[in-house]
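Look at the two complexes coming up: subunit A is in both, with subunit B in one and subunit C in the other.
Our next item is the complex of A and B:
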């Protein structure tokens, strides 16, 4: 049995092409309970992420998650894949936002993890086991999330580094991280990606602030004083910032019917400053045969690389990127790749040292491999 | 999965909740049948069905 929500992650994992049953949760949607005073919401797993955010905007609240493909994805898909974007720096990840779940175990029994209130410390936090397990341990039925108030004001600062000197970028980032500033994003765009989004082919930092207006202005002014020599400093406020981010998320290759079979997406995990080396590698690999767009979080170390080209070029570029991640002790997971190509490469990179634990948990919970077989790391 | 699982499945699920997915399957993830439950109990019944009738 395979499980599907919004269908945005069909190219993510999965080495079994044919299943007997596709459990589609597209019609299993809706708000079960919303407590505006407690700032919590309980949703059915198939509920559209975007529809919930639009509903919550009426209460000046939001789900503090930042997934890719956000116009199409379901909340269950975001949680099952532990998806997150640049705003993870300020918002945290799914494991920070989820406070309770209802799940259907592989034998059909219903279980509950966590609760519906923010202050809940009884027992193990079992939610964390299921978040990011790609639906291999249970079918997520309901999710309870804590909410965040929508900020009064937001600004996105784009700072370009025309010299392309990574030491200058590193010094800038260290200064920002050591300061009292509280950016929601501290994302570095590769020159190729920056050219697509801003028209300037230069390393560009995208730094978002969300707070009361005076605080946002104070922080953007602070950044302006750190602007590198010759660099551009652009502030996108309120709706302009939203438009930038939407264009940013729309680049996700799994969405575009024209190129989704000749593209790949990687999620790369490294130490914060090693993101600079990753982006340097992606720029070096850029050629007439393969096109790479990359961005990385200098505050959380998670990067995304989108690759476009013929399959052999894509696979070769992934191997090159993995040389770096392997040398640094990081990882490069393939988030999107056509099925035939997924068979040629280890989607999940090298299994982690605790893989034996994952295997034993799967064997205990789903001994017959009923749910999403071979969807997860190491063929789980 | 036993060969007549669709018949067995149709005995416990309304046929209107079945569908055959249209369009491209170039990313994989094909299935013999797609079921779209609308209630939690239906999900549980479906998983339980797969557990009982699936491979051993």
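Our next item is the complex of A and C:
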């Protein structure tokens, strides 16, 4: 059986072409319970992620996640794939937001994990097992999330570094991180990505602030005084910041119909400052044959790389990037790649040394290997 | 081998001593073991077989392998401040104490992480980095003595977890000796989201039943630019509770939002750190906001106006760091302060949806009247985490049982309004049966199945966390069999 949420991650994992049943949760949608006073919400897994965010905006609340989503993306898919974007620095990721789940186990039993309260240590923290498990352990039927108030005000600062000197960028970032400012994002965009979004082919830092208005202005002023020589400094306020992020998420190849073939996407994990080295590699790989867009969070170490070109070029670029990640003890997961190419590469990068435990978890929870065969790490 | 000779006829004691290579690193005589017959949950007691003090991961792994090969039950122990009995050697375990593994291994400010050994004391981490403007966020009230290894095992919380999250939100990597003796490293280099099921999240909060944590990579944070602390006094508990919900609904996430009721105030005022709370007040809220200086005043004003809306009698803003520290000392020593007004007390740890505060406080009041025992309430009100403190006198026959019963009734009240039975102190021995208030047999079996992956023979900390398997499973299985 394969499980389908919104179907926006068809290029992610999945090495088997046939299944007996495709269990689609597309119609299993809706809000089970929203308690504005408690700031928690329980959703059916097929609920559109963006629809919920729009609904919650009416209460000045939000799910504190920023996945690469379009109108089809389901909350179940976001959580099952553990997707997150630049705002993870300020918001945290799925493991910080999910407080409860209702699961259908492979034997059909209904199992609750966690609960409806924001603090809970009763028994094992079972939620964690299913977040990011790509539907290989159970079908998530309901998800309870803790919510966050929408900040009164937001501004996005874009600072470009025309000289492209990574030491200068690092110095700047270290200063910001060591300051008392509280950025929600500290994302560095590769020159190629910046060209698409801002029209300037220069390394660009995208730094978002969300707080009461006076605090946001105070922080953007601080940054203005710190801006590097020759760099441009742009502030996008309120709705303009949203528009920028919209364009930013839309570039994700999985969401972009015309780009679905001849494209790939990676999720790369490194130590915070090593993001700079990754972007340097992607910049170096850029050529007439292959085009790369990249961005990475200097406050959390997670980057995304999009690759466009003929498949052999894409595969060899991925190998180059993995040289860096394996030397640094990080990883590069292939989040999007056409089916035929997926068989030629290890989607999940190297399995961890404790893979024997992962395999046993799968074997105990899904002994007949019913769910999403070969979709996950090490052929799970 | 250094030091005195081992005076025991038990070959295991000699072998265990050989592994830690120092006779001073093992305790095995009854008089020495007495100090280890319980932790912060003192109602249950049991003597361990021995207590060993390994100095490094290799010794821990060897001890674990030895226990496995010889079928000796064993468990890990940090500072022994746990409040649910997690470190109590129910089965005469060999206690593997991590207190000698107490080094701060490294601090990496640029990448905002620190690596510590499990016996490193929570507060020492903040103290070691505060001069550079950084801190470690989880701040259990016991932070001056509890270990970070124990915090990981219990997924400890604290007053400032409302805004910054509990232990699990701050753990980036763990080195663990699993119960079969293998050493595994999860989240190498502290990089998040490593491919594979999230064992980091699973092991954190597993109360020492899935493995022994031997190294921890934690996230460290920059100190906030500014802080402001407020005390608000209410004549009516319901007003106070409603103010809590209203503050958060207004879009403010305070760094901390604590509440104490009348009995609790009586206790803290009679103890070591009185701050002069008025005597005849029904509830006090201790509210702290932090963040960018330019935004603090706006938030404080909003909080003050919410409090006024709910008939606050009086509000005070801390004038300086000294005053703020005194208020916090008064709150953080709150449990112990009950000793000033009662010979014994039992701490409970339920969680409820914030909006149910008034209703549940009323229920706790009824439980108190029904049992004839006074109950003080100290709680992390912002996240709905209640700590009813049941005051009793163990010397009066039957009173301990009554206190346990009242505690259980408080947890049931929490579960019934959609809450849970523990927010930070863990299940341990104490709340095993209460697990049934929130999970059915199948759900408990789903969890013990995971335990069996790590802990197949169940020699590590057996008998904790889960209720003894009930009859209903058997009946269900019989039914299934009948259908088949």
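By definition in this document, the second predicted complex is superposed on the first by the 378 of 380 C-alpha atoms of A that agree within 3 Å, B and C clash if a C-alpha of one lies under 4 Å from a C-alpha of the other, contacts with A are read in each partner's own complex, and residues count from 1 in each chain.
Methods note: contacts are C-beta pairs under 8 Å (C-beta built on N, C-alpha and C of every residue); 3 or more make two chains touch, one makes a residue touch a chain.
The shown structure was predicted, so the numbers you read here are calculated from the model rather than taken from an experiment.
In the superposed model, A:267 lies in contact with subunit C only, and not with subunit B.
Contact with both subunit B and subunit C is seen for A:109 once the two complexes are overlaid on the shared chain. Contacts of A:351 after superposition: subunit C is touched, whereas subunit B is not reached.
The wider contact with subunit A, measured as residues touched, comes from C rather than the other of subunit B and subunit C.
Judged by the touch definition given at the top, the superposed model places A:155 against neither subunit B nor subunit C.
Residue contacts after overlaying the shared chain place A:20 against subunit B, while subunit C stays out of touching range. In the superposition on chain A, A:60 makes contact with subunit C only, while subunit B stays out of contact range.
Residues 105, 109-110 of subunit A lie at the contact with subunit B in one complex and at the contact with subunit C in the other. Within the complex, the subunit B residues that touch subunit A are 1, 5, 9, 17, 19, 21, 24, 26-40, 43-51, 54-56.
Those residues of subunit A lying in contact with subunit C across their complex are 35-40, 60, 82, 84, 92-93, 95-96, 105, 109-113, 115-129, 131-133, 137, 148-152, 174, 177-182, 211-212, 214-215, 217-219, 267, 269-273, 299-302, 328-331, 333, 348-349, 351-355, 357-358, 360-361, 364-365, 377-378.
Subunit C makes touch with subunit A in their complex at residues 109-112, 133, 154-155, 157, 161, 165-166, 168-169, 178, 184-186, 188-202, 204-206, 210, 222-225, 245, 248-253, 291-295, 298-299, 351-355, 380, 383-385, 418-427, 431, 435, 438-439, 442-444, 446-447, 449-454, 465-466.
On the subunit A side of its complex with subunit B, the touching residues are 1-2, 4, 10-11, 14, 17-28, 44, 102, 104-110, 139, 141-142, 254, 257, 260-261, 338-339, 342, 368-371.
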